[in-house]
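Same chain, two partners: chain A is paired with chain B first, then with chain C.
== the complex of A and B ==
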């Protein structure tokens, strides 16, 4: 087990180095001069040169990369070109509302998606299966921002159940939850559709295996076969599904935040893109990719506790 | 050279097999609905200038936010432009994005995945590491950052979305190639002295294509959703050129007075994505029945 943990941590380090490298070179591909953006069109050449030197933009790219990597290890991802604040601090400040949305959304997605996928697989070919799969097809086909608009029209304007804005400045847990509910539901249901489809196929694969056939032949009750034997074996693929959909749901979360005018990572990155605040975009992309990598490492460790065979490899 | 009996037999057998394959496609309702839907969309996109009742950019300032009527089938937007005409023309952008994203990510992903899967050793490890790193970036975010980097012209949007989705195709291709590599016909090709490139191009890729084609069809759907998302955020193809995404975004400002604008544009996107998914599911079932259960995990 110790070896497995060490291997996972090692892979995590390599993956983090990889995303830092990719993010660095990706953002360098952006045309335009950040110094010019920061100081405006009327800046003097001396002021521009001084700022470029301060941001390290006058160095060769490889040297810039070295400096960037060294600083990144120390938790310094540069300074926002627009506000002059440390980019990482600004990004981390917008993490809580996004994390709340992502966690609430994923919780809704898992609560709806996994059981629906299992039921559809167990009743393969029945009306229930067809119904669930049609719903899921609809869920992955309607753009999430459009579903958000329809939800606002229905639940805010017509029924008045939830506020149209996805956030509030008023204090109070319940107030915040009331504003979070609709965006989380929209995000959650779009991801639930995806999870249901994938859970169904994972479960079908397990249900077709020999040990299930043997259990059936021996007269083990169907309920026990599904919930004890099959589900336990389908757990790893289902967890993997949750890992895969997490990265995907972060993309959807950006759109959901935009529809509900909710502050968060998505809106911070979007504003940074429009302002060409490349240090901030870079920090945001890095933090999101790091979140995906961290979650996948956590899942890898979880697999090993579920399936002892994985620990020995 | 005259045809031998074996040749004639082989030709007859091939023809029978082809007929059986066609029957299998025709019997799959999802595939038929998907194929018909795509055909319909293609016709709409190609014939847009002739079937659209108005020009998509022509404004009628006396008739802004007009309700649906016989002149304006789906009403007008805040500039008095015909919504139906904008949606009909919008099909062009969506289908172009879907087509070219698939073309680029399929070609690049197939080659990268096939090389990684077939080469093995350090080349495979290096390529897998790069693919894994790229997969850690949420595709939509990656596309967003790339569009920000390259500007929001149609070709840079296509390239950005294609780059974001290529690692996915490459990952699927590699996993399929890994199952093909140990098969006898590959060993035989090596034994008769074919070069690795010839083996990959002539024998590995053609045999690995079916699952990749399925992934590509579904990628077209996700690419269309991604383009709509970028347009919605104002980072896609800019108005007045109509795209379904920017029609939704522009309609959002008039959502309470004329909800038909955003609603109808969303239905267009959903219809396209549904038919592409049906086509993908149909292809998966007919190309390789064994994959029916497994490909779900790959997507």
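== the complex of A and C ==
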């Protein structure tokens, strides 16, 4: 167990170093820099030189990289060049809204996606199956920004059930949940469509296997076959997709965040890239990468609990 | 803001129970304003972007200010001012009893001197150092008097001191004590006090009960970031927002005009959007080619068709909001493809490759396509190159662009667009990517002019000359739209690209 944890930490460190290094050099490879961004229309040669010197951008890139690494291992990810605030503060401030959206969205996705997929598989070829798969096709095909606007027009404007602004900075758990409901539903249903399709095909595959046929021949009740014998096997690929999608929605729910005016990690990193706010990008990439790596580790452990065969390796 | 927030804000301001209780008893009167983008920088020496300037305009004051409705220059922190006979020494008497937010003490002339010296100091890296180029020295002979000595007379000098960008006055003590983090922890003397910034979500200000010109009837203002215009429109209709700032989409403008209880305001803005031609390369060196291009582009169709009437046609880089604006004898270039072809033939450049560089932001990424199409109709092989903002600024500041779509935004100071686009001081990395060099003398003459009449005459000459030489083709003049809900009263729209809700009150709240 200790060895396993040590291996995980080692992997985490290597992955983070690699990702941050790529981000560091990619940001410096694209045209434009923070000094140009800030001086913009009023740039003069002298002002640019002065600002670049103040920001340390006049040093050779490898030297900048060294300074960055040295500070990063001490836990200092620098200050945003635009706002002067610690980069990590702004990034960490955008983690809770992203995590809340991802968790709520994923809960909705699982609650709708898995049962619908099972029902479609059990009733393969029936009207229910066709209906569920048509819905799933719609969920995958309609872009979330369009579904989002339609949802706002329907649930917020016409019915008055939820606020049009999908976030609030005012305190209060229930207030926050009320604002979160609609964006979580839009994100969740688009993911539910994937999960329903995947659950259906995984279930169909398992239901066609020999051990299920044997169980049926032995007279095991159908309910037990579906929910106990087949589902447990079918869940492994579904779990993999849930994990990947969760990590994806932490950083990439930008469109949902934009439509519902929510802050979030994806939006913050995008803003930082556009402003060439190097420190903010690096801090954001680091936090996002750490979240993804940790999530995958947790998923690996979860597989083992579901599938005993994995435990023996 | 909830009760707890009010208490926190009260405590932050160091206010005793004597003030706190009556406000709580009346309940919060919070005004919610939509922003399209987040804020990032509230230090006047380094401030840029409309959202930042909008927030700062509630926090800071200047020695003088633009009247929001008329653009006339009226007193702010200075109760009065006088100019020496030779026009080089400006003396300002400060209003007594003005205090800084959050217990940073009383305003003195030393703060004014500190603010201006700070912008002038090259080490500050201020964007606006050039704006104060005519200043020789700032003196503080006594705590209530500021004396500014200029290198030479400048009748337009008050524009540089108006409450905007470099004109906003900061506290020496606050800037020194807060240090590196001042940018997002600003201290001013204005009607609202900075409370907190939630990145990606909102900025909150609380009313300054000690504001020298009378406290606001609002308790606080929230600038809420709502990126999508349709979502913002629905939020306004749902009463989740009170003011919709930066309204641009013709569709959303139409929608809100039909919505019940919503008032849509519009006003000509100070800014124009232009095609800046590099006059040092290829056929663009020939003025006939530049004029041919102006005749080839159907700018009326752009305004009426693409923008569905939400912009104005521009006749120069000054708009009607400037006191110095004139159209008299300023050459115009009507849409006339035949004339364009004739001019091109005359110049010996019947067809050539031409590239328009523009920025990948709505609407700048789309409308140039229509202009390129117009140019192709007269034989110019025009293409559009759309660059992401950082790459666009890099390309523009390198000066290696054949032409560039450039928007100029600023206060109603004619030097703002004219120096920025035509002065040699603004050659790349500045905005004068045409590398035009015939305006310096006329701009200096306008600055030296003793009064408004003489100034107007000097600027008129400059407008005529620049529209004849045509290093810059004005494409359209901007028009600002703002919408507000039924409870908002006393809203005044300015011609800057900012929103200021200081005079607003809420009805029935």
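Here are some notes:
In this text, the second predicted complex is superposed on the first by the 236 of 313 C-alpha atoms of A that agree within 3 Å, B and C clash if a C-alpha of one lies under 4 Å from a C-alpha of the other, contacts with A are read in each partner's own complex, and residues count from 1 in each chain.
Here is the rule we go by: a contact is a pair of C-beta atoms (placed from the backbone, for glycine too) under 8 Å apart; a residue touches a chain by one contact, two chains touch by 3 or more.
Remember, predicted model here, so these are calculated numbers, not experimental data.
When the two structures are aligned on the shared chain, A:170 is found in touch with chain C, with no touch to chain B.
When the two complexes are overlaid on their common chain A, residue A:79 makes contact with chain C while staying clear of chain B. Once the two complexes are overlaid on the shared chain, A:300 sits clear of chain B and of chain C alike.
In the superposition on chain A, contact of A:264 is made with chain C only, not with chain B.
In the superposed model, A:156 makes contact with chain C only, not with chain B.
Of the two partner chains, chain C is the only one touched by A:42; chain B is not. Residue overlap on chain A between its contacts with chain B in one complex and with chain C in the other: 30-31, 145, 149, 152-153, 157, 258-259, 274, 276.
By the touch criterion given at the top, residues 30-33, 36-48, 50-51, 54, 79, 82-85, 90, 93-94, 97, 145, 148-149, 152-153, 156-157, 160, 163-165, 167, 169-172, 258-264, 267-268, 271, 274-276 of chain A touch chain C in their complex. Chain C contributes residues 1-2, 4-5, 38, 40-41, 43, 46, 48, 122-123, 125-130, 180-184, 198-202, 204, 224-228, 230-232, 234-235, 237-238, 240-241, 388-391, 393-395, 397, 408, 420, 425, 429-431 to its touches with chain A in the complex.
Interface of chain A with chain B (complex): residues 14-15, 18-19, 21-22, 26-27, 29-31, 137-138, 140-147, 149-150, 152-153, 157, 197-198, 200-202, 204-205, 208, 237, 240-241, 247-248, 250-252, 254-255, 258-259, 269-270, 273-274, 276, 281, 285, 288-289, 292-293, 296. Contacts from chain B toward chain A in the complex involve residues 129-130, 132-142, 144-146, 148-151, 221, 225, 228-229, 232-235, 245, 248, 252, 255-256, 259, 262-263, 265-266, 269-270, 273-274, 277-278, 293-297, 299.
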